[in-house]
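The structures considered in this document are given below.
Consider the two complexes below, in which chain A is the common component and chain B and chain C are the respective partners.
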Partner chain A sequence: METVKIKKITALWIVVVLLLFVVSIILGILMRLNQGEIIHHSPVTFYGNMTTHGLTMIGIWFVAGMAGVNYLMQRYVTVSLWPNMTGLIFTAIGVILLWVSTFIGDFHAGWTFLYPLPFKVMWASWATPMFLCSLTVMGVGWLIWSLGMVMQLLKRYSISQVFAWQHFGKNPKVETPPFVLISMITLVGVIASLLAAVVLLILYFMEFFSNSSFVNDALLMKNLTYFFGHTIANEMLYLGLAVLYELFSEVSGRPKWKTTWYIAVSWNLSLVFILTAFFHHLYMDFVQPEGLQIVGQLASYLASLPAAGVTVFSVIIAVYRTKIKWSLTNLLFFIGVAGWVVGGLGALIDATISNNFVLHNTLWVPAHFHTYNVMGNVLFSLAFFHWFAMQFANNNITERFAKTKLGLLILGGAGFLAVFYLGGAESIPRRYSNYPAEFPSAQVLAYVGAIFATVYLIAILFFFLNISKRCVKIMFSSSS
Partner chain B sequence: MQTSILILFLILTGLALLVFVYVFMTSKGAKSSGGGIRNALKKRLWFILILFVLLGFTAWVTISKSPYYLFADEAPSQVIHVASMQFAFVLSNNSIDPDSPKGVSSIELPKNELIEFRVTSLDVNHGFAIYDASNRLIAQTQAMPGYVNRLRWKFTEPGIYHILCLEYCGMAHHGMRASITIK
Partner chain C sequence: MCKDYVFIFLIALVFSTVNVTAQVTQNGWKEERQVYQKVFDAKLDIDEQRSATILQLAQTKPLIIAMVFTRCTGVCSPFLLQFKENLQMIEKKNFNVVVISFDTRDSLKDMAMLAQIFDLKTNPQWTFAVTDAIDSLSSSIGFDPVWDEKRQQFEHDAIAVGVNTEGIITKKLIGMRNSKDLELLIKSIEGAFSPSYRLPGKSNLFSCFNYNPQTGRNMPGLGLLFIAIPAVVTFLLVVVINLLTKNYRA
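Then we have the complex of A and B:
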């Protein structure tokens, strides 16, 4: 029974994520069109859309990763429905609260809601508490979901096994599947970031209810905000990687990947790097202790070693001169890894303090993080969605138009991202609803970005129709 | 600076994408599923080692160029106090009273002298970013309430430099500006 229900809830997650994705992309295109002066929104509308777009995108790709990992976890441990269900209900409530606070209440403090901006009310006064409640609801729901998954893993594996510590030595007696290891590492990061969010929100509410007799420290709040924001945005990509480790070889018709000592070592290390890399968000706060700034640069650099040396390298050697059953699923994974690498290069450049001095909060920032989302993580999740939908399909005609879909996706994505990078190199600021006259190229770049993003949207609509048709069938099928 | 960053990025991206395309082609052309790579572990460890050395070298070269160490051993010839607020910058030679901030939004500064900007905010976070006469971002620091960030800079070219806000601060964020004229 439980497996059937998890199948159905996964199908539901997929439809919801894709639907919200389409809406959020449209908001993104509207922002680009406004920056290109093709349409004219008030700044409040623009920044409201920016807030909705950012937080909705982070939310949906996080839950997409969680839903995928939760579904595949059934292969190794007994999975119960309730954490997943809690995640779903809390996410739904959270998104509704968020959208009411931004679309109706005009809340527009950005998805990072940097303290004390939410308290300088430039919107309906109820919108601030509603936005904070929306975050609280989603945060609590996701915390319960991830803790639930960790508990289920720990019922089957001991602490040292779940982190694959026995693989550090020779000839381990028990094998920890890579999927279990990566899920666990990632969930620990997720839980850490959500706990930081809880602390952050408590501090917000304390100030809110104290009638300003209690005032927070802006530097501490910024550290907490980015520990939460950076970590969750990073971990959602690693959830996608867990799915990749599980499915890539399988759909390619190749032997399953095994945990080796270097996989075990590198994933354990990556947890440390990921949890300390967030300091790179505070490089331009010169009052932050210098040691932490340097930790930020070193951790950001070091995080790329396990990523490139283990995961990317493994994908490369799995493909190199190897006959593979290429399908839409593993093509999406493969292209996604390439996108992830390119975004990572942009990130490494920006994580260098001396570069950050002239790149921080220019369009270089949305350029690189959109790269590993738009052309990386989204593709990992799409690969899972497609694989999931195909699994229960009786016929095999779903691979039609695969080339067209991928072609549009790559063309649209690459063009949309390219103009962000060019904008960053032109020193154009991010988060500007309208560009000042100093940047004559900014409007043109924004307009071109909107056109390419529309091409990307068309590809996504193809995927959406095809996948959700099947998922709806799965949701309403009576038996298995 | 930005141009060389962009070129570096394009080269690295080009190389990475070439590898992916090439590897994909070798798979397309592969006859049997045996093939693959030989001595994979050894090659992997070499790859990681080379990457580690490259990154270590880059860190070693770049960290000392971080803005925290800019002109650290020189004494500034002028101190400019900057108070940021929604949605304006106030600049002054004297320290600024948060209750009644007095100052101007455009100042003149001498060429080739070390200036120290003491940047803070009276409300939310802002960014204090200096753009040169050709609108290229040359230096920045954050303006955070309750803290003072010290940014040292020497202007070498005369002209009009714009200050823009580079931390999202609300609905008129994009209109928040000041200017510096270097003679």
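Then we have the complex of A and C:
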């Protein structure tokens, strides 16, 4: 019974995520059109859209990863429904509060709501507390969900098994599936980032309630903001990777991947690096001691090596000169890994202190993080969505229009991202609602970006219709 | 059961939102208020023959606006004096200073006298003016003097406001400030970005680092602990959950 409910709730998650994704892409296209001077929004509307877009995107692709991991985890442990349900209810309330605060209250401090922006009230005065409440609600819901999953894992595996420490030696007696290892490592990172959000929000509320008799330290607030923001944005990618490790070989008709010593070591190490890489967001903060800046650069390099290196290696080994049963699912995974690598390289270039002096807050930043999301993580989750929908389709559906959908997705995604990179290379600043005359190419690039993004949107609409149709059927079916 | 919890949660949420709203319109961040906004284009009377709007003055050279009143028994005189001395130490002079009275009792004569006292009457960089639109000007720069009937004086800040050639407020300095701060203000009206960091005061609880001006050293502060807390608590949570679930694994 519980399994049926989890199946239905996963289907519901998928529909909600795809629906919100379509809306958020439209907001993204509107921003690019505004930057291209094709449409004319006031700065308040632009920044309101930017805040909604950024936070909704991060939120939905995080919960998409969680829903995927939660669903597949049933293969290894008993999964209870209520943490998942709590996550769903709290996310729904949180998104509503967020959208009310931005669309009605005009809150527009960006998805990082960097201190002290929320206190510089340039919107309805209730919008700031509502925005902070929306984050609190989502944060609490996700924390309960994550802790629930950790609990289930630890009911079955001991702490050393769940982290695959027995694989550090030779001939381990118990095998920890890669999916379990990666899920656990990621959930720990997720919990840490959500707790950072808790501390951050408490400090925000303290300043509110104290009526200015207590003020926060800007450096502390920025560190906490990126501990939360950077870490959760990275961990959501790892949730997608956990799903990839579980499904890629299976749908390709290859033997299941096993945990080896180097997989165990690399993932354990990545936990440490991921939790310290956020310092690279503070390179421009002259009051942050140099030591932490160096930690930021080193951790950024090291974080990418184990997880990315090992995953790319495993995927290449899996497909190189082997007979693969290619399907839309594993193609999405495969292209997603490529997108992730390209975005990761862009991120490493930016995380190098000497480069950051040039690239900081230019379009290079949205270029790289959109790459590993738009062409990376989104594809991992789409692969899961597609696989999930296919699993429960009663008839043997052929993957119609697969090539068209993929073609549009790659063309739209690559074009949209390329103009971001070009903009970054030309030092065009990010987060400008309108570009000044000093950047003559910025408007054209924005317009071209909007066109390619529309192509990407068309591909997503195909996926949306195809997958949601089946998910709605699953939600309302009475059979198991 | 579950519905009850959701209901209680929603009530608590609405309540806290309403409660917190009252706190938002707080008075802090005085120095940041109105920065990057356009200054009100008030018409200034400079002498019997001359008048000009703020934007007209700013178009030729960026401005630093200082707000004073001639009957001030408090900060105005020391502020103007220090301001003048600090400006003399600064080599770059590609800006003008406009001293404006915010007291409607002040006449052109009063302002001319003030200029005379400070030996600035013939200095082309300085202009002393009065305006009929003082309320709009004051609110556009986030300056709110309060009249004290008993003392027949204004309660007010010593304030210098940087306005660039487009009439945008680029930076504000509140209080008597040193030449270094003034240099930053001048840089800002010339369009350069000046990094600033609010110094921790008594109301600032959790600084990451505490700077000791005597030794010139930076010591780790309580704030650093807050950055470590999430990781430590996560670790503890995993250990606790591990203990709680021990029986299931057996």
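In this section, the second predicted complex is superposed on the first by the 478 of 480 C-alpha atoms of A that agree within 3 Å, B and C clash if a C-alpha of one lies under 4 Å from a C-alpha of the other, contacts with A are read in each partner's own complex, and residues count from 1 in each chain.
The definition used in the following text is that a residue touches a chain if its C-beta (ideal position, glycine included) is under 8 Å from a C-beta of that chain, and two chains touch if they have at least 3 such contacts.
From a predicted model like this one, the values you see are computed outputs, not experimental measurements.
Asker: Put the two structures on top of each other at chain A: do chain B and chain C fit, or clash?
Answerer: clash
Asker: I want to verify the contact counts: of chain B and chain C, which reaches more residues of chain A?
Answerer: B
Asker: Regarding the shared-chain residue A:V419, is it in contact with chain B (first), chain C (second), both, or neither?
Answerer: neither
Asker: Between chain B (first) and chain C (second), which does A:I467 come into contact with in this model arrangement: first, second, both, or neither?
Answerer: In the superposed model, A:I467 contacts neither chain B nor chain C.
Asker: State whether A:D217 touches chain B only (first), chain C only (second), both chains, or neither.
Answerer: It touches chain B and chain C both.
Asker: Between chain B (first) and chain C (second), which, if any, makes contact with A:F205: first, second, both or neither?
Answerer: The second partner, chain C, only.
Asker: Contacts for A:R254 in the overlay, against chain B (first) and chain C (second): which applies, first, second, both or neither?
Answerer: Once the two structures are laid over each other on A, A:R254 reaches chain B alone.
Asker: In the overlay, answer first, second, both or neither for which of chain B and chain C A:P116 touches.
Answerer: It touches chain B and chain C both.
Asker: According to the stated criteria, A:Q293 is in contact with first (chain B), second (chain C), both, or neither; which is it?
Answerer: A:Q293 contacts chain B only, not chain C.
Asker: Which partner does A:H108 reach: the first (chain B), the second (chain C), both, or neither?
Answerer: Once the two structures are laid over each other on A, A:H108 reaches chain B alone.
Asker: Taking the superposition as given, does A:K155 touch the first partner, chain B, the second, chain C, both, or neither?
Answerer: Only chain C; A:K155 stays clear of chain B.
Asker: Using the superposition described at the top, list the residues of chain A that contact chain B and also contact chain C.
Answerer: Shared contact residues on chain A (touching chain B in one complex, chain C in the other): 116, 120, 217-219, 286-287.
Asker: For a test of understanding, state which residues of chain A touch chain C in their complex under the given definition.
Answerer: Residues 89, 93, 97, 116, 119-121, 125-126, 128-130, 132-133, 137, 147, 150-151, 154-159, 188, 191-193, 195-196, 198-199, 203, 205, 208-209, 211-220, 223-224, 227, 275, 286-287, 289 of chain A touch chain C in their complex.
Asker: Across the complex, what residues on chain C touch chain A?
Answerer: 6, 10, 13, 16-18, 20-21, 23-29, 32, 195, 197-198, 200-201, 203-209, 218, 221, 223, 226-227, 229-231, 233-234, 237-239, 241-242, 244-245, 248-249
Asker: Where on chain B does chain A make contact in their complex?
Answerer: Touch list, chain B to chain A: 1-3, 5-6, 8-9, 12-13, 16-17, 19-20, 23-24, 26-33, 35-37, 40-41, 44-45, 47-48, 51-52, 55, 58-59, 62-63, 65-68, 86, 123-125, 127, 129, 131, 135-142, 144-151, 162, 164, 166-175, 177.
Asker: Which residues, counting only chain A, touch chain B once they are in their complex?
Answerer: 43-44, 47, 108-110, 114-117, 120, 122, 217-219, 222, 253-254, 262, 283-287, 290, 293-294, 297-298, 301-302, 304-305, 308-310, 313, 316-317, 319-324, 326, 334, 337-338, 341-342, 345-346, 349, 352-355, 357-362, 421-422, 424-427, 429, 431-436, 438-439
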